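Next come two complexes, and both contain chain A; in the first it sits with chain B, in the second with chain C.
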Partner chain A sequence: MDMINQRSASRGADSILEIRGLHTSFFTSACEIPAVRGVDIAVRRGECLGVVGESGSGKSVTFLSALRLLASTGRIKRGEIIYGGHDLTKASASRLREVRGGEIAMIFQDPMSSLNPLMTIGAQIGEMIRAHGRSMNKNAVDARTLELLSTVLIPEPEKRLRQYPHEFSGGMRQRAMIAMALACKPSLLIADEPTTALDVSIQDQILKLLRRLQTDTGMSIVFITHDLGAVAELCTRVVVMYAGLVMEESPIEPLFDAPLHPYTRGLLASIPGLSQDRSRRLIPIPGSPPDMSAAPDGCPFAPRCEHARNICLSNPPALTPIVSDGQPDRLCRCWLYAPDAPRNPLNGGFLSKAAQGVES
Partner chain B sequence: MTAPLLSVENLAQHFRVRGSGRAESRSVVRAVDGVTFTLDEGRTFGLVGESGCGKSTCARSILRIYTPTSGRITLDGEDITHMSQDALPPIRRKMQMIFQDPYASLNPRMTVRDLIAEPLRAHRPDMSRAEADDAVFEMLEKVGLTREHSGRYPHEFSGGQRQRVGVARALILRPKLVVCDEPISALDVSIQAQIVNLLRDFQEKLGLAYLFIAHDLSMVRYMSDTISVMYLGKLVESSPADDLYARPLHPYTRGLLASIPAGHPRLARLRTESGLSGDIPSPIDPPSGCAFRTRCPHAMARCAEAAPPLTEVGGGHRAACYLINP
Partner chain C sequence: MRRYLTKRLGMMLVTLLLITLLTFILMHVVPGGPFTNDKQIPESVLSALRKKYKLDEPLAVQYLRYLGGLARFDFGPSLKYTGKSVNDFIQSGFPFSARLGALTLVFVLLASIPMGVVSALRSGRWQDALLMGAATLGVTIPSFVIATGLLYIFAFRLGWLPTFGVAKWQGYVLPVAALGGYSISFLARLTRSSLLEVMGQDYIRTARAKGLRETRVIIRHALPNALIPVVTVLGPTVANLLTGSFVIEKIFAIPGMGAHFVNSITQRDYTTIMGTTVFYATFLISMVFIVDLFYCLLDPRIRLE
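Take a look at the complex of A and B:
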């Protein structure tokens, strides 16, 4: 019941960050690599949005673009990033400095390369607090630092804040990064693969911490990952990306019960669950993700898709609303769901399978 | 009953730590400390545990990349524990390794043909260039690549294709034992199942034995016949694969299993067992007695005194904990 209320409430709720028609490319001396090719994502206030995709799907680049943190070889070609009623692509450098870290914080996969090895953890968190214009004296900064370390459940915070990053374990470093991210009470936290480099036991601890922080502070979270299992633990809504495009967008449970896009279905089917029959072969997705320096014209997943038809290879399908099992709020980019697209016999078979859901 | 292909008895691999500034008695890391198991031909032995638990070191000692501190390793009836470097090459033909990162483990300046033929050049000087090429082409097709790929360099391949090259390199000598150290964790999710299926097909066709190391517990269960759980250099539980997941006995195993994402949002909300708290302690200064006691919800006074022995509880299921062995 709670879930249903939350969902219907969030549908009408306003967005905290809206990415509209984003195109981002990287340029080498030889060619242009379109990493993000027209992405629309709205992050709703107070939600935890999972952004799932493989390496090269554009999931990180989308949100690095949103914060204008692209490397010098990357450029936003088109699109708007609406935050607080204004377009961040047109924002001044000083406005961007306010937003980054202050209102929207970001944490990354490898905390070791995001932390300064020559500064103590306490000094780095203190720097963050002071950088955002809070005129606080040293004692107040120290007190806030201690409070932050306790919030992220770092044991013995008084001792820890005088230590250097190399004295921290991987999980503790990620906690310290989260503490830094929380320093200015951001309203949106973008977590880019925060648990990928960690052991499953530590991943579990970090996911629990993020869940608790979200409940306590009400901030919105964007959780970028390749791991659908981690998404199921944390998120209420999911965006699945492939080759620089959003392929599917759905509330969390329907996505796992009845994934719409053949790519999502393939991903869920290829992961052995703990109840997987060991004598049965896994069902992999054939082939490899496309080379983005020669991005395909039609649906980028078509070469790997068992349902591909002629139209898929020539015309890219649009991201369209789908009502499946009475579940609203779902979008899918696939010709299978276009009533006016030429049908073939595979179509009916696929839809009935999708309705049954995927057992994994 | 035939002898097992690989038998590891009380294997210990200690490393001296220099310049740690600690007392002499503490400057030894007991990376592997008394590991015992056997592996039959055509079977898979899974080794799981958090990073730093010693699972990769254990595999490397077995491959004799290190010389073990003590214990005994028997491969195919031969004691290889202290075999000299000169005597090892014929042994290494029988055991090969598939590495985690196909981006780092393939020389970028070598063509795929040379990469796959390299083990042949080292171990089969009797083979002519043409014979080696034929073997390479045959191997390429078996791992799902083609002859046309042989002149290309690693950077021209995707991660999954590179790992296929890694598999081909390991299998070209027709080994009996293959150590797979996290063979899929660097690959994209959509590719992992391809490589896992490839490994299983080879096992079926060639009767290979795998020592399979991974941190993905669902994948280890899917691949392995027997699984051992390792913590700070020691096996804390060992069991036939299904039994371990159905009836985990050691609190560490239970915590690890409870940490795995449930795989479905509804199951995630229903989860009751809590995962593990804290981090793995430093192997330079491990806790006395049972090394897990500092994170164990059931720790008792005697856990600090002596490490509990690995005790059989029936059906080949063994665990090292005073809870099951009072």
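Take a look at the complex of A and C:
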């Protein structure tokens, strides 16, 4: 734990947003469902951070917590959201309004349901501009709206801004959402599965748009997705989440070249097209994510892990810094990499070799 | 737009025609007639009366003649009240019924929507429990029971308000409250559930993510969406108020159209039955049409086609 704290302290200087020890739960009348169970993520200035995991891994909830946009049943139980030197979990309502949209913007998965069906696209973007720059007159707002629509490559912006969301295609709606998010030149954009609801060809366009915008504006991006292919295209660093915990954190190349965590390994094996060998079979991860209302004692991935040992089922592993192949800056939460854990993997695969590599 | 309006107006005329035809047939199927009486009336007098009101002609001819009158906005003479035409009844009664109905509608909207909004925003707390408890009572208790209760408390016990008549404005208070009770409760519950659903929608989260004030999120983003179902049921609500007003007018002795509508049926006053039915049907159909137009204004996804 001390090592982790030192790490976050040492890199605090270049972090734009730092999530520390976040615990978020959802409450039903009967029980509490912990969705995020102690997450530390630092988003560095200017980077594009990929946050990857299956549905229910807590990746969206982590960043909805960061902006305090949780549904009414959700609550941050513990932890800090450090932004601009202050903790957003303790921020006043007015400070929170300044940050939301003005400094940290967010786009969502389904651009149809995320836009108000009764307001024109122009009105929804204009509202965002006006919320953070009250002195602007109508002409200035309109001009800025047009400029934004052109930035995200929406054709005929003069006509489009008078249209309603239902008159837009899925890809165009997501472009409009992005235009809205960019309205106040945020320093951080949180994109919560922005391509999941779109056609593959449109997904690619949106990814290219996001990459270009990041190059042009220098803003940081958090890209939440379950699509590792999209992460490979856009991100420089990746956080892999599972059952409300960070399982692995790594720069992009070593993650794809030599994934550390068995779960990451499983994710990579189950997506097509990234491997050199196109004839290889896709290997799904057996089983399904744990029921979060009864979170397991040990490693939450152990029941699905082919390398699981006794200790995995009884003791939770810690997120530990790993130095492999001279690549610094990697973290993994797995007993395979714990120096003090008994070394008897059930079967010897690449993982046991990787584990040996760690020792040497 | 013009094509839609023409089509819609055509449909309204067809509907009205069907209503007149059905009412006409049903009215003549029911045994008895306007001149059936306890006392034995000589056959010669009866046939003279029938001849005078042209009831001796074949029904088809009578029906067509009636339609001809309608085209000139002539509802014909009353068969029961000599010297009075159905137009007289409508002219004297409708202003009272319309005033009662319009006041009630305004009261219903002003009371139910804020009730529903407060309930939804305070859902699960005491304000919600109180308002929804009252609304459940309002939906389940019939208007004449509410009317009697209100009369007992405010007119008889406290003496604040008159028991009957609408000569002074105070006379409208209790009738409006009794008539609106059901609709207020119904619309308040609808507003509450609709707003609760909308508040969980993704675009509300988007609005919050934009850094808008919570009041703006509710008024600009949540309410217009939540009110769509409420506008949809305004047509049926107007119909409810209308039929409910027959009972309320009787209890509070308001000289509206309700009495004519009800009495004409028991008296087999053929022209009055036809006249009041056609008049109310036209009114209702027009209200539903206006509500539909309003609905299109509110929701850009609905296109007039």
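The rule is simple: the second predicted complex is superposed on the first by the 320 of 360 C-alpha atoms of A that agree within 3 Å, B and C clash if a C-alpha of one lies under 4 Å from a C-alpha of the other, contacts with A are read in each partner's own complex, and residues count from 1 in each chain.
In the analysis below, contacts are C-beta pairs under 8 Å (C-beta built on N, C-alpha and C of every residue); 3 or more make two chains touch, one makes a residue touch a chain.
On a predicted model such as this, the values are computed, not experimentally measured, just so you know.
Student: Looking at the superposed three-chain arrangement on chain A, would you call chain B and chain C a clash or a fit?
Tutor: Verdict on chain A: chain B and chain C fit.
Student: Comparing chain C with chain B, which touches more residues belonging to chain A?
Tutor: Between chain B and chain C, the winner on chain A residue contacts is B.
Student: Based on the superposed arrangement, let me know which partner A:239 touches: chain B (first), chain C (second), both, or neither?
Tutor: Once the two structures are laid over each other on A, A:239 reaches no partner at all.
Student: How many degrees, to the nearest 10, separate the directions from chain A's C-alpha centre towards those of chain B and chain C?
Tutor: About 70 degrees between chain B and chain C, seen from chain A.
Student: Touch test for A:253: chain B only (first), chain C only (second), both, or neither?
Tutor: first
Student: Output check: A:199 vs chain B and chain C. Expected answer is one of first, second, both, neither. What do you get?
Tutor: After superposing on A, A:199 lies in contact with chain B but is clear of chain C.
Student: Figure out whether A:270 sits in contact with chain B (first) or chain C (second), or with both, or with neither.
Tutor: first
Student: May I ask you to decide whether A:131 touches chain B, chain C, both, or neither, giving the answer as first, second, both or neither?
Tutor: Touch partner of A:131: chain C, not chain B.
Student: Which partner chains sit in contact with A:114 here, chain B, chain C, both or neither? Use first/second/both/neither.
Tutor: So A:114 only meets chain C here.
Student: With the two complexes overlaid on chain A, what is the closest approach of chain B to chain C, counting only CA atoms, in Å?
Tutor: 5
Student: Going by the contact rule at the top, pick out the chain C residues touching chain A in the complex.
Tutor: It is residues 200-203, 205-214, 220-221, 224-225, 298-301 of chain C that touch chain A.
Student: Could you pull out which chain A residues touch chain C in their complex?
Tutor: 67, 69, 71, 93, 96-102, 105-106, 108, 110, 113-119, 127-128, 131-132, 164, 166, 177, 180
Student: Write out the stretch or stretches of chain A touching chain B in their complex.
Tutor: Touch list, chain A to chain B: 54-55, 155, 169-172, 199-205, 207-208, 226-230, 232-233, 235, 252-253, 256, 263, 266-267, 270-274, 276, 278, 281-286, 288-289, 304, 360.
Student: Chain A touches which residues of chain B in the complex?
Tutor: Listed in rising order, the residues are 50-51, 158-161, 188-194, 196-197, 200, 215-219, 221-222, 241-242, 245, 255-256, 258-268, 275-280.
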